[in-house]
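One chain, subunit A, links the two complexes that follow: it is found with subunit B in the first and with subunit C in the second.
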Partner chain A sequence: MMDSLILRTATRLLLSLMLLFSFFILLRGHNEPGGGFIGGLIAASAFALHSIAFGPRALRTVLVFDPRSIAGVGMLCAIAAGLFSAVMGDAFLTAGWLHWGEGDAVFHVGTPLLFDVGVFLVVIGAVLTIVLALEEEDV
Partner chain B sequence: MLSWYLVAPIAVPMTTAVLCILLATRRDLQRIVSAAGAGAHLVAALLLMAQVWQGGILAGQMGQWPAPFGITLVADHLSAVMVLITGIMGLGVGLYSLRDVDENRERSGFHPLYHVLLTGVTGSFITGDLFNLYVWFEVMLIASFALLALGSEKVQLDGAIKYAAINLVSTVMFLIAVAVLYGMTGTLNMADLAVRVPQVEQRGMMTTVAVMFMIAFGIKSAVFPLFFWLPASYHTPAVAVSAIFAGLLTKVGVYALVRTFTLIFTDDVGYTHDALLVVAGLTMLTGVLGAAAQNEIRRILSFHIISQIGYMIMGLALYTPLGLIGAVFYLVHHIIVKTNLFLVAGVAKRLTGSMDLKKIGGLYKSSPLLAVLFLIPALSLAGIPPLSGFWAKFVLIRASLEIESWVIAAVAILVGLLTMFSMTKIWVEAFWKPHPDGDDRSLSIGDLTVSERVLLIGPIVVFAALTVAIGLWTQPFLDLATRASAELLNPAGYIDAVLGARP
Partner chain C sequence: MLSAILGIFVWSLLAPIVARRLPRIAGWVLAVVPAAATVWFVGFVPEIAAGGTVREVVAWIPGLGVNLSFYLDGLSLTFALLICGIGTLIVVYCGGYLHGDPMLPRFFLFILAFMASMLGVVLADNIVSLIVFWELTSVTSFLLIGYLHDSPQSRRSALQALLVTSMGGLVMMAGLILLGLTGGSFELTELVGQGDMLREHPYYLAILILILAGTFTKSAQFPFHFWLPNAMDAPTPVSAYLHSATMVKAGVYLMARLAPTLGGTEVWTVTLVSFGAVTALLGAILAVRQTDLKRILAYTTITALGQLTMLIGIGNTYAVETFTVYLLAHACYKGALFMGVGAVDHEAGTREVTQLGGLLALMPVTAAAIGLAALSNAGLPPFLGFIGKEFMYSSTVGLGEGEMALLGWLATAAMVASNALMIVTAGLVFVKPFLGRRTEAAGHAHEAPVSLWLGPVVLAGIGLGLGVFNGALERWFVAPVAASLTGAPMDVHVYLWGGFTMPLALSAVTVALGAAMYLGWPRVKAALDGIASALGYDSDRGWDRILKGLVRVALLQTRVIQSGYLRHYIMFTIGFTTLAVGGTMVVKGALVAPSLTAAAGAPYSAWALSLIVLASTVAAVMAESRLVAILSLGVVGVVIALIFLLYGAPDVAITQFMVETLVVIIVALVLARLPRLTAFARPDRRSAVRDGVIAVAFGAVVTAVMLAVIDLPIPLDLSEYFAERSYTEGFGRNVVNVILVDFRAMDTLGEILVVATAGLGAFALLKARPRREPPVGDTKTVGDSKPETGDRS
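Take a look at the complex of A and B:
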């Protein structure tokens, strides 16, 4: 933890910006560069920044859940995305899609998104577990 | 829908691992989920085995991407029997771990890691794609690093560093070989590779790639001269961990060797398989001689893993139907026997306080049941009839005599004798000799609590019974090995199952 007013003030701003950007990257990943992994890394670095500015204990309060549980839930999302195809009678990991709207304004949502969200959470959980383990060590 | 038979043995331990992570704070519930998950894994493995036994080679395309573009999961008889044995060991050692692994290690994540390890091992056996195999190797390795270091004792970290360093070398070698192979053929689907590799014009380069795979998998399976990481690390973690490592991890390397050197690299058999034969002989000898110099039970057993790996490689290197039958049979027999010996060693430590042969003794007097349970796998390991090890060695030696490889046959027999020597040493020191601190220092099995008796001794009894069953009722197991060997020597069935019948 660094005791710096400048860093703390900047972090308050940057945290929300970086999280917002990580969601953007996560959603954009379907058709363009991006995705759950890189999005997760950005979100994790936002939280890591918070932990450097305010200390690991503050980060635990912000996160609410244990990072390992976050990774676990993410993993569960990814498995669920794979198993969903069983309902449709297809092979494991076959994508299932829902479509809304007509013409050019069709909105697609499917199990690959759930899978990506899973990856997103696993990356956040895993990176933060490491970050917290390192930060809390030297207290 | 048949492809779900292939997915289940991977998805079940993966889901179990996740549930164990989420239940990290609820210790009792986590233990129940862990044991139930191991049971479900065994059921999934049994279903897969039954399906393959009846319907032949089973292939499934994940995400319905057709081969060779997507990831294919394939189970032939070899894969299915390896998954089944993984399921059996996973449940047995999983139950044993409930009384063996301490609370501190459980809190650091033993149960999730254990199931991640099973996921990686099972995935390696079922995948039909070389890069996917690499990924499963990684899953398995990451879990094994963590399991090895769990508890953070000094000797453990020492072992874990050696283990991690050499395995990373192997991983890099594997990855480079995969990249080069992809550059030469444009595919990594194993069935597709089997079709395309013979068409490649640079034969010399292909042999080089084959040798790179041989080195990468050789390190994983601890063959001569790349075995030193194994005895440096296997005696350090909790008994349940070293038992599952001893049973399964090196065997994944052997499986990968068998798979690639029967399916893909069969062009230059005169070079590659002769090299394997030399390696096999040296592995057997160095392993068994190394064991003779040791005085700690788990270290002796670790060196014996190495020498036994030599037998499996020998079966592959002979590259005859009988040789491969022997290799498959040996794989199955050895996993059961070796895991069991480690479990017995764990109980011996609990009863006498140590695994150092100089500090213990008197077990035969205090608990004759444990003595019998030790003798069964120990004699089987040395190849005494009518136990499973006798048939495994018999088939292999006969295979080598048939093609007049006298030297390797002689080495195999000699190593069997030397194995007997090591087992006798453990027997005399740990069981016969009185305890150096006086007669009453060894506890008997009766002194354990009921739950300890069920969870620690139960799996040992079942594994010992399996060893005897394979020995006395060999035919079905030989039939299975024969089918597996026939499929390995004639890959057309495998290729057709994956790529679809071609004109």
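Take a look at the complex of A and C:
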């Protein structure tokens, strides 16, 4: 933890901006550069920054859930995305899609999105597990 | 057939609940499903006896040729009936024998799971399914042998059985896979047709040796016989079921199953006959040295397994007939004897033959069952055991009259000796405890409850019934099994009375010899003990020595390779990779000179970025402080990200940026935990030179690999394939991401599993290290060469 007023003030702003950006990157990933992995890394850096500025305990309050659980839920999301098709009788992880609209304005949503959210959460959870373990280690 | 196996598996999972709810009648209730399976299999008997077979295939991993395919013919049906039938009796018996044991619910789970696995082994047609079920029997039998886990002796025996059988199983797996690849099919039924080709194949010997390693360990053939008597530390129902009637016969089953595919060659016959005969004789000799009833039976089981192996090896008509007769005879009388002895132990409180006597009046039903079974064991008419013994002599004599005269006569002599000793053991098990003078230990014994005598009575009764009504035996079992063993239907005849022949004469000799030895048992035992101590060889001790040696080698190797210093691990890993990759490239002539024209054509920005990378690297190497070193490396990473961006890979570039940022954060956090920089002394000259050499060599190899890779034309068909289908099938324009989350999502799933595991691993390392001892390899991990001595602040 760094006891710096500048860092803390900046972090308050940056955390929300970076998290917003990470969602943006996650969601646009299918068509533009981005995706769950990159988004997860961005979100993880945002939280790591928060932890450097305010300390690990503050980060835990912000996170609400233990990062290990976040990683676990991410794994479950990814597997659920795969099982969805298995239940429908296709091979494990076959993508399933729903489409709205017509022509250029068509909107697609499908299991790969759930899968990407899983990747996003696993990356956040795993990185923050390491960061918190290092910061909280009482020596 | 899959439903039968799965049904019993599911039933095994329900068993603990049933056993807890209905503790008094759990055995009877739980026996319902095995009994139903038995009835179901009995329904197949007429069809199989008429020459039919049943095959059932459920695709499992069709891409790899792995199917859950099952095959029912004479051989597998006979085994399935033994497994389910005796299993039913055993489950009933367990309820009585272990009544009131707090771990009984778990016991039912294990024994039913074992039953299902064993059924899988004998029904499986696919090699891979066979291996899976085979290993399941090893695991479940480990749990059953180690049931009394409070006893170190019992734990040792369980581990020994597991190690011996699974070691053999591993070797056998190699053999079976080789068999499948050589024969071009992983279905055993299809391999039968490849028999002639396989027997001529150069791999034949390798396949045979590897598979026999598995079957010999599983079926306790010499020199792997030592684990079986130790496995008798398990409760009696386990011994009766696994170590007489079923599991140990898995090896015998597989040899019989493969007989039409691999059998009939000289090496097959010589190996199986000699190992089988030696095992049989050894088991019989060791049996009469014992005084514990259960251990006597354990060693006679080794004899029976040796005899069955020998019969498969001989493979003539008599041997094929004997195989079935003897298989059934042994399963019935040995199951009955084990359960009967368990009942005696349960009621009289001891299994020591020297302490038992006069139980006939006290336990008449058990006595009758054991008596009938012992007569079958001794091979007296009109029991099934008699037919088995007669036909066994006919088959070895037949071998002696053929081309392998010496082997045949030696086998005959070994059989006469072992069968005579079997008569001694039958006397020890029945005559002494039941007919002998009443002893003190027997004083308070009384008849066992019905659950304990039902099994022995039924099995002993079958042993008598099939011996008398041998026409049914011939039609229902001997003929179908013979067809499985030889690969073609054959004419078989089973009878009690074959006239005044050579086998009858041998039988007479056997009985006379056996009776004489029984009467002089104390002296025979003393003589054998004397010989044994003179030889001074004990395979059980030998096993201990092997295990100790193994542990010593492991410790030595750990000391050498696992020094506990991270820098040594990095040195070994990078040094080995450098040598392996660099060496291969030099040997294969894969070195490519860099193309100067391509370098000259690179844009100025690329040159500028490369120079920054170079400068930062030098800065990292020269840095006096860790922080500077880490930041310099961070610069290298960021610049590499810029290069990705320059060459049109934005996704990779962003990832690289983020990873670089996080690495700097994490390493900085680690650095904050390390001792002050005073301890970060400059490495001495020698280690600096050593590290420098390794680093430069590794860099050179990586560069050489890069040059070699870009020298090859990059195949574009895959990129085109993905680019084309990215939007039409994946509904995304970012090809990279569509590949990650859709086309190759399985790879990504694996990767995020690795990421999550890495996070947990780091957590475990940081949080769960021992507090008192100085932690290994954390404070001394950064590139200095002297161990840290400063305190960690």
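The working rule: the second predicted complex is superposed on the first by the 137 of 139 C-alpha atoms of A that agree within 3 Å, B and C clash if a C-alpha of one lies under 4 Å from a C-alpha of the other, contacts with A are read in each partner's own complex, and residues count from 1 in each chain.
Everything below uses one rule, namely that a contact is a pair of C-beta atoms (placed from the backbone, for glycine too) under 8 Å apart; a residue touches a chain by one contact, two chains touch by 3 or more.
The model shown is predicted, which means the values in this text are computed figures rather than measured ones.
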Superposition-derived comparison: subunit B or subunit C, residues of subunit A touched: C
Touched partner set for A:134, first subunit B, second subunit C, both or neither: second
First, second, both or neither for A:73, with subunit B first and subunit C second: first
First (subunit B), second (subunit C), both or neither touched by A:33: second
A:61 touches, of subunit B and subunit C: first, second, both or neither? neither
Subunit A residues contacted in one complex by subunit B, in the other by subunit C: 68, 71-72, 75, 79, 82, 92-93, 95
Interface residues, subunit A side, partner subunit B - complex: 66, 68-69, 71-73, 75-76, 79, 82-83, 86, 89-95
In the complex, subunit B residues that touch subunit A: 1, 3-4, 7, 11, 14-15, 17-19, 21-22, 24, 60-64
Touching residues (chain side subunit C, partner subunit A) in the complex: 650-651, 654-655, 658-659, 661-662, 665-666, 669-670, 673, 730-734, 736-738, 740-742, 745-746, 748-749, 752-753, 755-756, 758-760, 762-763, 766-767, 792-793
Subunit C-touching residues of subunit A, taken from the complex the two chains share: 25, 29-38, 41-42, 44-45, 48, 52, 67-68, 71-72, 74-75, 78-79, 81-82, 92-93, 95, 97, 99, 108, 110, 112-113, 115-116, 118-119, 122-123, 125-127, 129-131, 133-135, 137, 139
